[in-house]
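Following this line, the structures themselves.
Same chain, two partners: chain A is paired with chain B first, then with chain C.
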Partner chain A sequence: MRIAARASLIALLVLHVLAAMAGFVAPYDPTRQHRQHQWAPPTPLRIEGLRLVAYGRDDGGALTRYPVKLFPRGHDGRRLFGAGEPGKVFLMGTDGLGRDQFSRWIYGARTSLFSGLAAALLSAILGAGLGLAAGFYGGRADRLTMRAAELFLALPWMYLLLAMRAFFPLNADPRTLFLALLALLGAIGWARPARLVRGIVLSAKEREFVLAARGFGAPDSYLIWHHIAPATIPTLATYLSLAIPQYVLAEASLSFLGLGLGGSVPSWGSLLASLSQIEVLESYWWMTLPAAGFALVFGCYNELARGLRIGMPAP
Partner chain B sequence: MNFFGLPARTTPAVFLTVVFVAAASQPVPATSGGRLVVAQRSEPKTLNPVFAIDEPSRAVTGLMGAPLVRLNPKSLATEGVLAESWKTSTDGREITVRLRRGLKFSDGSPLTAGDVLFTFDVHINPKTASPQRELLTVGGQPVQVALAGPDELRFTLAEPYALGEKMLAGISILPAKHLAEAYRGGRLAATWGLGTASAGIAGAGPFRLKSIQPGERIVLERNPHYSKRDPAGRPLPYLDEVEFVFAANEDAMTARFTAGEADLVAGFGPGSYSVLTRAGERMKHRVLDLGAGLDYTFLLFNLNPAPETAAAPRKWFQRQAFRQAISAAIDRQAIVKLVYRGRATPLWGHVTPARGHWMDESLPRPPGSASRSRELLRRAGFRWDSRGLLVDENAVAVEFTIVANAANPVYTQTAAIIEEDLKPLGIKVQVVPLEFRSLVDRVTNRRDFDAAVMALRPGEADPVADMNVLMSAGSTRLWNMSGKPVFAWEGEIDGLMRRQIGTTGAAQRKSDFDQVQRILAGQLPFIPLASPNVLVAAREALGNLRPGAIGHPVLWNADEIFWSHAGNQAPRP
Partner chain C sequence: MPLPFLLGRLWHGALLLFGVSILSFAMFELAPGDYLDEMRVNPQIPPETAEAFRKQYGLDRALVPRYVHWLGSTLRGDLGLSFAYNMPVSRILWRRVGNTLLLAGFSLALTWLLAVPLGVWSAARERGWIDRPVSAFASLLASLPDLLVALACLLFAVRTGFIEVSGSLPLAIAAMTMVSFPAVFRHVRTSLHEILRSPFIGHLRAHGIPARRILFGHALPAAANPLIGLFGLSLASMTSSTLIVEVVLNWPGLGPLLLEAILGRDVHVVLAAVMLSAILLLVGNLVADLLLYAADPRIRREAA
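Let's turn to the complex of A and B:
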C-alpha cells in the first residue's frame, strides 16, 4: 500500500478512536449551553513557560488567563483537558446557544462516522451475499436479484428516510432511531455492491482452477468459500472505502435538514446546518470548522481507495 | 390568527399600529414615478381577496383592492376609503354607510352599491367558506346588508358588536361584473389564481395587476382610476409600479436586498438584521427595529381529552401546578438574548406590547426560578429519585418531547433552551424537529404530540383576533381541539370572550379581556415565551415610509410612498 494510503488509514483510525472516546476527549457536554458565551470565537492558546494557557472571557465578559489542565475531573468524570471554572476552553468556538463547537464536533463524529461505517458494512454484506448467489447460480435467481437491484437503485432514498422518520413515534429513543436509520441506509444500499460482486463471480466461476475443482466433485459451498468469495474481497474493500463517506454524507444530509437524530444529539450535518444562514457565514467563521471533518474523512477514504485499487491484485 | 406559514384564519386585514418610526427627519416633496421592488419569502397563493389568507397573498391583494373603511394606524380611528361617511345607531345594531361618488374599479367600470351587496353576500354565504364569515356573524346571525339609498347601505346586526364599523375594514369590495358568474357557478375559489390574465382582474385599490411570472415576480402598476388624492390634490399613488420578487427563504431575501435587487424587505429575523445593518453602512438603506409586533412564540401543552391509556405526559400536563412549574423554570430572558439577539420582548401573557392598552400590565412577570419550580412540582405530587430524576407518584420518570419546526432555527433553538432549563429539575426533554406540515398535522389533526414550540400572529390588536384561539369552538384553540370546554376555566374564558365581543363599552371589554389574560397566565395551557420585534429594511430614498409594527409593516400606505430624487436611489424606469 502506498504511503499516502497508509497515512490515511492511520488518520482514520485515530479519528474513529477519538470519536469513540468522545466522552473523555470533549471538554464539555455537547448540549451544555454557556449562555454568557454566545458566538464566542475559538479560545486563543499560548505556551507560557511549560504551561499551556487559555485566554478567554469570563462570565462577566472580562478577558482572563486560565491554565489549561490535563485530565481535570468534572462532575461527570475525567476529561482529556479543560480549564478550571470559571475558565473556558472553546477550541472551535461556540454556537448561537453558547455550546462548545469542539465538543459537539467530537460527539458528532461518533454519530456521523459510525453511521457511515455501519451502514456501508451492512450494505456490503447484504450486497455480497445476494451478488454471490445471483452470479453463482444464475438463471431465475440471477434475473430476480438484478431486477430488484435496478429497482433499489432507482429508489429515492432521501424520501424513504424522511418517511421513516415520520413513521417513528416522537418519543423514540435517539439510539433506536439511529440504529433504524443505519439499518435502512444499509438495507437500501445493497444493490450496488451486489452488481459488482455478481460481475466478479460470473468471471471467477469460469476460471480453470474453479472448473477443475468442480470437476473433482467440490460442492458449491466449497467453491464459493474457497475460490469465488476471496476473489471479491479487493473489490468489496474498494467499494467500502468509497461507500463509507457517501453514507456519512447521507446521515449528514438528513441532520442538515434538521431531520436527523434530534435536536440534542449532535452530528456533523447538524453542525453544518447553521451555515445556511448568511449571518453565520459572514460573521462567525469558526462555524465552518466542522466542515474540515468532512474534508479530512473524504480525503482519507479517497486516498485509501486509491491505495487499495493500486495495491491489490486484479480479480 | 395565523401560524407562521400557515393560512391565516378569520381576522381582517386591518392595519393598526402602535409603534411608529418616522422615516424621514425632514419632509421631502413627493414626486411621482418609479418602481418599488419588494422582496418576499414566497409568492401569493391567490390573487382573490376573498381567499387571500396567507401573508404573501394579503400583501399583494391589499394593494389591488380597497375596503369601505380602514383603521388609521396612527390614530387607531376608522377612516373612509370607499365610504364617504358612516353612522352607527344608538343601540349599536345598525351601521349606515354612504359611498363616495364616482368610484371606479381599476378597469374603469363603476363601483356601485350593488358591488358592495355582492361582496358581503359572497362573504356571508356559508358555501363560499370565506375566512371573514366568522367576523361577520354576530350573536350567531350573519350581518344583514341592504340598500338604504342609491349610494347608501345598511348593515344590521343581531346584537351590539364590539367591532362596530371596524368589521368592514378588511373586506375588499369585489367587482360583481367579473366574479358574479363564477360565484353563481360555485367556482369562486378557483377564480383569480396566479394564471389569470391581468385584464381579468379588477379592484379599487391603488395598484392593478400588470404581469405575473410564476415563482419569480408579480408586477403591479398604478391604478389610473384610484379615487384618493394627496393634500395638494395630486392623484395617488405616486409610484408607477410595485414589483414583488420572491426568494426561497429569508437568507435569499436578504441577499436580494443587499445585492440591490430589492428596495424593501420586511419580516426577517435578528440574524438578517445584523447582516443588513452592516451592509447599510456601505449602502444607502436604513434598517429599522419597530419593537414588539403581534407575534408570540409559546410552548404548547397537549391538553386534548386523553383516554385512560394515554401516555404519561398527557396526564402530567393536566395538572396546573406542573404547567406552572415548567413555566417558572424557563428563562425567557435567555430566549430573548440567545435566540433573538435581544430583538424581542419576553412574555408572560399572550398579549404583546404592540397591542397597546389591551395588554394587561398587571400580570406577574417572575424571572426563571428553579427553586419555585421545584416547590410547585413537590406540591403537585412529584418527587426526585436517587439519581435526581423527577418521578411521579407511580415512580415514572418525567420525560416528554417538544416538537418544533425543523426549517426554522428560532423554534428549535427555543426548544433547546427549554430542554436545558428543565434539566436541573430532573426532567428529560427530547426536542424533535419536524417538517412544518407534519408538525401542524400532528397538532391540529392527529393531536399526537406532548408539547410544541410554535408561534401565532393575531391579525390585529383587538381581542376579536383571539376569538379563534381562546374560544372552545375556535378552530385554532391549539391546546384542546375538541371544540368543547373540558376545564371549568375554559368555560369561563368562553363566557368572558363572548361577553366582550357583544358589548360596545370599551371599559367593560378591557376588564373582561384582562380577566381572560389572568386566567390564561394562571392556567397556562400554553406558556408565552417571547414576541419578536418587527424588523424592516428600506432604501433611504423612499419617502413617506411610515412603518408600523402591526399589519403589513410598510405597505399599509403604499399609495403614499414615493421615490425622493434627493436620495441617491433614482427611480427605476
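Let's turn to the complex of A and C:
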C-alpha cells in the first residue's frame, strides 16, 4: 500500500476512536449554549514556554490568559482538554446559539461515521447473502433477485431515500430513528453488492476444485462456506471501501436536508446546514471549519480506496 | 435501427417503471399520517371539512383500489392534484422539470466539452504542463462530495460577489460541472492512455504515421466505446445528482419541489417527481444503449 493510503487509514482509525469517545474528547456538551459567546471566533491559542495558553476576556471584559489543561475534571467527569473557567477553548468557534463547534463536530463524527459504517456493512451483508443465494442456486430465485436488483438500481437513489424517509415521522425518538435510518440506507443499497457477488459466485462455482468437491459429495453448505464465500471477499472489501464514504455522505445529506435525526442530535449534515445561510457565509468564516474537516475525512477515504484498489489483485 | 432491439428495451423499461411505481406508492402510503392531518389539528377548520376533503381526494379508500385508480389516471396523463398548491401536479411539475433539464443539459454539455479535450491532451502528453494541474484538480474534486462542492461554490459567490447568489443558473451550472467533471476526465484519460500503449499504436508509429493522425484517427475511435457508455450513464444520473446542488444553490428544479412535497406529505407531487426522475434515468440508459449500438459492430452482432 502507498504511504498516503497508510496515513489515511491511520488517520481514519484515530478519528473513529476519537469519535467513539466523543464524550471525553469534546471539551463541552454539544448542546450547551454559551450565552456570552455567541458567534465567537476560534479561541486564540499561544505556546508560552512549555504551556499552551488560551486568550479570552474575563467577566470584567479584560483580556486574560487561561492555561489549557489536559484531563481537567468537570462536573460531568474528565475531559481530554479544557481551560479553567471562565476561560473557554473553542477550537472551531461557536455558532449563533453559542454552541461549541468542535464539540458538535466530534459528536457529529460519531453519528455520521458510525451510521455510514453500519449502513455500508448492512448493505454488504444483505447484498452478499442475496447474491450468494441467487448465484449459487440459480433458476427462478436468481431471476427474481436480479430483476429486483435492477429495479433498485433504476431508481434514482436520492429520490428513493427521501421518499422512504417520509415513512418515518419527522420528530421520532432519535434512537429509533437512527436504527430506522440505518435499515433504510442498508436496504436501498443491497442491489450493487448483490450483483457483484453473484458474478463472482457464478464463476467460482464452475471452478475445477469446486466441481471436484461437489463430485466427492460435499453438501451445498460446505461448498458455500469453504469455497464460494471466500472468493467473494476481495470484491466485498473493495466495495466497502467505496461504499462507506458514500453512506457517510448519505447520512450527512439527509441531515442537511432536515430529514435526518433532528436538531438535537449533532450530525455533520446539520452542521453543514447552517452554511446554506448567506449571512453566515458572509460574516463568520469559522463556520466553514467543520466543512473543511469533513472534506479532509473524505480525502482520506478516497486515498484509502485508491490504495486498496491498487493493492488488491484484480477480481 | 432494428425494431426488436428497441422494442425489447422499451418493454423492459416499462416493466421497471411499473415496479418503481408500486414500490414508491406502497412506501409512501404505508407511512403514518397524511396531508390532512395538519388540517385536522387546526382548530379553525371544522372536522367535517377535513373529512370532506379526505373523501374528495379519495384518501379514505384502501391501498390497492387507490393504486389502481392512480395508475389509471396517470396513464391518461392526469397526475392528480397537489394538496399544498391546490392545482394540478402537471402544471407545477413541467416548470420544475424544465428548470432541472436546463441545469442538467447545460452542465452535461459543459462537462463533456471541458473533460474530453483536457482528457485527450492529458493522455497524449502525460505529465505535461496541462496533465499535472488538471489531474491534480480532478483528484481533489473527486474526493469532495457534491454537498461540499455546492457549498464551496456558494461560499465563493458570496465572498467575491462575483455572481448573483440566489437561484442563479451560472452558479448552479458551475457547481454541477465541478461535481461531474472528474469522473469523465479520468475516464477519458485512462481509456485513451491504455489504447495509446497497445501494440497496434506501436505498429502505426513504426509505419511513420504522424502522431496527430494516430491520436485522432486511430486511438480516439478505439477509446470511444466506454466513453459512450459513460455518456449515457451521466445522462441518466444527471437528474438525481442535481438534487443536492439545486437545494443548496436554491435553483427551482425538481429536487427542492420533491423535498418540500415530502416534508408536506403532498402525495401526488412526490409520486410524480419520483416517477419522472425514474423515467429520465431510463431514457438516459436507453440513449446510451442506442449510441453503443450505433457505434459498436460487436454489440450489433450480439443483438441480431
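Basically, the second predicted complex is superposed on the first by the 288 of 315 C-alpha atoms of A that agree within 3 Å, B and C clash if a C-alpha of one lies under 4 Å from a C-alpha of the other, contacts with A are read in each partner's own complex, and residues count from 1 in each chain.
Operating definition for what follows: a contact is a pair of C-beta atoms (placed from the backbone, for glycine too) under 8 Å apart; a residue touches a chain by one contact, two chains touch by 3 or more.
It should be emphasised that the depicted structure is a prediction, and the values quoted were computed from it without experimental measurement.
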- Task: Have a look and say if chain B or chain C is in touch with more residues of chain A.
- Result: C
- Message: On the A-aligned overlay, A:Phe294 touches which partner chain: chain B = first, chain C = second, or both, or neither?
- Response: second
- Task: Could you look at A:Thr31 and tell me whether it touches chain B, chain C, both or neither (first, second, both, neither)?
- Result: first
- State whether A:Glu150 touches chain B only (first), chain C only (second), both chains, or neither. second
- Once the shared chain is lined up, is A:Gly98 touching chain B (first), chain C (second), both, or neither of them? first
- Query: Is A:Glu282 touching the first partner chain B, the second partner chain C, both, or neither of them?
  - Reply: both
- Could you tell me if A:Phe209 is touching chain B, chain C, both of them or neither one (first, second, both, neither)? neither
- Message: Looking at A:Leu162, would you say it contacts chain B, chain C, both, or neither? Reply first, second, both or neither.
- Response: both
- Message: Contact-wise, after the overlay, does A:Leu257 reach chain B, chain C, both or neither (first, second, both, neither)?
- Response: both
- Query: Where on chain A do chain B and chain C both make contact?
  - Reply: 162, 166, 170, 257-259, 276, 278, 282
- Query: Can you list the residues on chain A that touch chain B in the complex?
  - Reply: 31-33, 35, 38, 96-98, 162, 166, 170-171, 174, 257-259, 262-264, 273-274, 276-280, 282-283
- Spell out the residues on chain C that touch chain A in their complex, using ranges where they run on. 16, 19-20, 23-24, 27-28, 30-33, 142-145, 147-148, 151, 154-155, 158-159, 165-166, 237, 239-241, 243-244, 247-248, 258-259, 262-263, 265, 270, 273-274, 277-278, 280-282, 285
- Message: So in the complex, the part of chain B that touches chain A is made up of which residues?
- Response: 251, 254-255, 271-272, 274-275, 278, 311, 334, 337-339, 399-401, 403-404, 406-407, 409, 412-413, 415-417, 419-420, 430-435, 438, 442, 448-450
- Could you please specify the touching residues of chain A with respect to chain C in the complex? 147, 150-151, 154-160, 162-170, 245, 249, 252-253, 256-259, 269, 272, 275-276, 278, 281-282, 288, 291, 294-295, 298-299, 301-303
